[in-house]
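Encoded as structure tokens, the structure appears first; notes follow it.
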């Protein structure tokens, strides 16, 4: 009975604590609004970079794009500084996954301005801020998303041994198939003025394209023996998709019954910046510091 | 014991009630016949539009196609008016999903006649009546189809949080992959007189084609680094299909046991035009009005 | 205790009964040997037709292929006549699925000999005897195969309502997507001297190639809007594969527990030619006649 | 209580027993180290062969590649001899799967040296040593991997009857589809100067490319009837992937509950060279000899 009270009475917070709650969390209306505005800003800034890469647009609206880019860079810089200020342990934030991504998404614009780096390539690097969109899971207040994500993560984690067995098998198959097709096809392809199976790495690229059923068709076998081997590889790749699907299905079917009981909040630990705390958690389960 | 009786005694219906039962429902022989005839008419009218779009047919049978098109348009207009007349609340029907589709499927022919709209494009719009075929689920009297559809809908709805997490991950991956390949491939492609990775949106199109394992091959990486990245994207896309499959499998496995108990009728609520009522329902579960 | 005895004592069979047991069943050593020899003969005869279709082989070994073809045709004719003779109700066999396939696989050679039909096309029709290979399931004495097949059939049959809902949705999607891409792409494609979206049926072919993730690349959208629509269709097709997979998985998971209890024999009912009888069955479950 | 002791007291081993434990097992630190070093050596040697196949690298670093190849060949020869010496029954090892692979991976280099075999092709054969990487599963001490692998193997083995039914159906479908498309497309393709459906085997290659949804696009139907048939085949192939996925999912879901109880060690039976022994096993479950 005394547990929820301290939380209520904690109201008289310092401005840094209030700011922390707005910027890092999404449980309060202000915090949710901040996250929504931030997500829209990120989306628009990515759109600007995307449109800028289209030559015909860039020729026409070059100036407008530059202004927009600077606007968003300054906005995200302010946000980055604010995050450092209100974080209880700033260094932890700076070297956390999101901290690094936040820095990387503003750096390119400054580098273009300061140094004489190749402008076009640099500008494109800005799309790394797409990673910031992962924060989208935080603004859905009920934590449904987080439960979904953590359940998926759990199912994949539990099946890790089967997945490693699977991937090792696939990689060994790709190496052997690549070498086999290189041996079988190389001469015939060179006679037909093609160079698809020129070397083992090139053949391995073909083997991956085939086994994942992507099948571009830029490289295809032309000898009867090569076609036979390719057909066998296709059947093999086709059956392979069965195995991991079955693994994850079975894992999720098992874990499904537990999924309703655990509700996860959007709180971020002020110490170690980790997410995924249960709604009844009072202390961070990763570093033991109090969640506010 | 007194429950089924009123239904029996209600026989002396007005003509509007009888018409309603024939047009909107499929529980009586007349209602089922009406739906079957309507579905055949829709199928034939779609076939006419499809054949009309083939140039060689259009040149030969232009007149016959015009007559057929007008025949079906007038038929569907009569049906549309009849539906408005016998619906208890006509406005509800007009603005329901099926009401809008019903209107849209007769409009193009009239617009071509009245205004000077580009004829060819307009005629093609008629295929929107394909959406009317969704009514097919109603004519199978036992409601098996509806049960199947509603179970699928339920499984997808329950898994919505996992599906959103999944789609967000995919879209972020597409943006970053698109930008990466654009950076890596653009120069080499332009030297080889190709323009597949010309801009980030173009590269994103390639990333989607690759990740969904469609793999047209109209755009393919040609640099070693680009091929390496592409191979990684393929493996990523290949593993991705596992996740949602597992999600829906697990959900359906859970919901499967309940599927036999609930039987759904083909009745449409006369007030709110919603379907999916249980066979023992007396009142609409969406708006509370009596089902007849 | 008296049940198995009659079966033991029935030994003094007529020659027709013995022949029936050898030709139609695979529970006795002689019956199994007959089926194995027959399967090998079918495989070799298909191989002959396949090699005959390769021009370079046909030029060299034309005579040998003709002789082999006549050899197998006469062999299968003898077998067909023997089946008719020893079947208790010959007409039932003649009009059963296998009876028709057996006839169709010997007919082409005779027709070429008698009439002046286009030889090449006729010869190829012989591959219809590949359907006879379905008998392979009978020679595995323990009936494991039949259990597997019947379980699959059951899972598919139980899910039929969901599968019909699924297929209807896919077909409606294909029609609408085909028409949409035809409207969007037709003019641009014709300007670029391509004719992939020439008519709605052609566009529907493209839509099917895309939605099933086959992705030949012989027809691809070239306008930005067309590419956008194509990307959406790809995601749609990609998610679609989830649904039926989930359906069948769930169904098989439910039915799995029952799979061990039912053992199916390779017996064929002598009256109605149906297979799939349980090992303890004394009478045919389809027509009620005694199984021997 | 006396059981674990003999294992402890067995310490004063002969040098051959110690060597056996290091080379064939991964339960001791020395054994694990040996396996890790070996795996790295195999990986590097495969990389050398791969790079050697790239023409531009081979021209520059020909000498270095030769030296590296000889270095690894001699290393693996020493390892091979050591394995023969310390194996209790050397012949068993030599003719076991790994024994043959170990020999095959050193043979090519010697053959090139001794005989005048085509050098390039021979060198490539060295990639067969990729199969040795399968030993990777042994170095993860807890046997998680082995449990994963053996569970997968079990699920696939239990479903074998369904998988055979499935594969037979697919192969019969490929033969019939190949012949059908050959009949329908051959003439039209030859008129358009294409030769994709030249013979039944070529058409079957196309059918496999299509049914597995790889879809290269090097061979595509061009007649309306051929496109119709192709569309049907695509839907068929698309639905086919459902069936085996469902089978393995269901099987894994059933076997999943048992998976935690069985722990498998990395021990190899000194007599019959088989792996997969439970952690509490004292005798080999395949040949009955004592595990040390």
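Each chain gets a letter, A, B, C and D, in the order it is written, and its residues are counted from 1.
We take it that a contact is a pair of C-beta atoms (placed from the backbone, for glycine too) under 8 Å apart; a residue touches a chain by one contact, two chains touch by 3 or more.
All of these numbers come straight from a predicted model, not from anything done at the bench.
By residue number, the contact pairs of A-B overlap by more than half with those of exactly one pair in A-C, B-D or A-D, and this pair is A-D. Look at the CA centroids: the one farthest from the centroid of chain A belongs to C. Chain C maps onto chain D through a rotation of 90°, based on Cα atoms and reported in steps of 5. Across A-C and B-C, the chain pair carrying more C-beta contacts is B-C. Distance from the chain B centre to the chain C centre is 32 Å, each centre being the mean of its Cα atoms.
Between the Cα centres of chain A and chain C there is a gap of 45 Å. In chain A, the positions touching at least two other chains are 201, 204, 213-217, 241, 245, 247, 249, 251, 253. The residues of chain D lying in touch with chain B in their complex are 213-217, 245, 249, 253. Across the interface of their complex, chain D is touched by residues 46, 49-50, 53-55, 121, 124-125, 127-128, 130-131, 133-134, 136-137, 144-145, 147-149, 151-152, 155-156, 201-202, 204-205, 208-209, 212-218, 241, 244-245, 247-249, 251-253, 256-257 of chain C.
Against chain A, in their complex, chain B makes its touches with residues 160-162, 164-166, 168, 172, 175-176, 178-179, 182-183, 198-201, 204, 210, 213-217, 220, 224, 227, 230-231, 234-235, 237-239, 241-243, 245-247, 249-251, 253-254.
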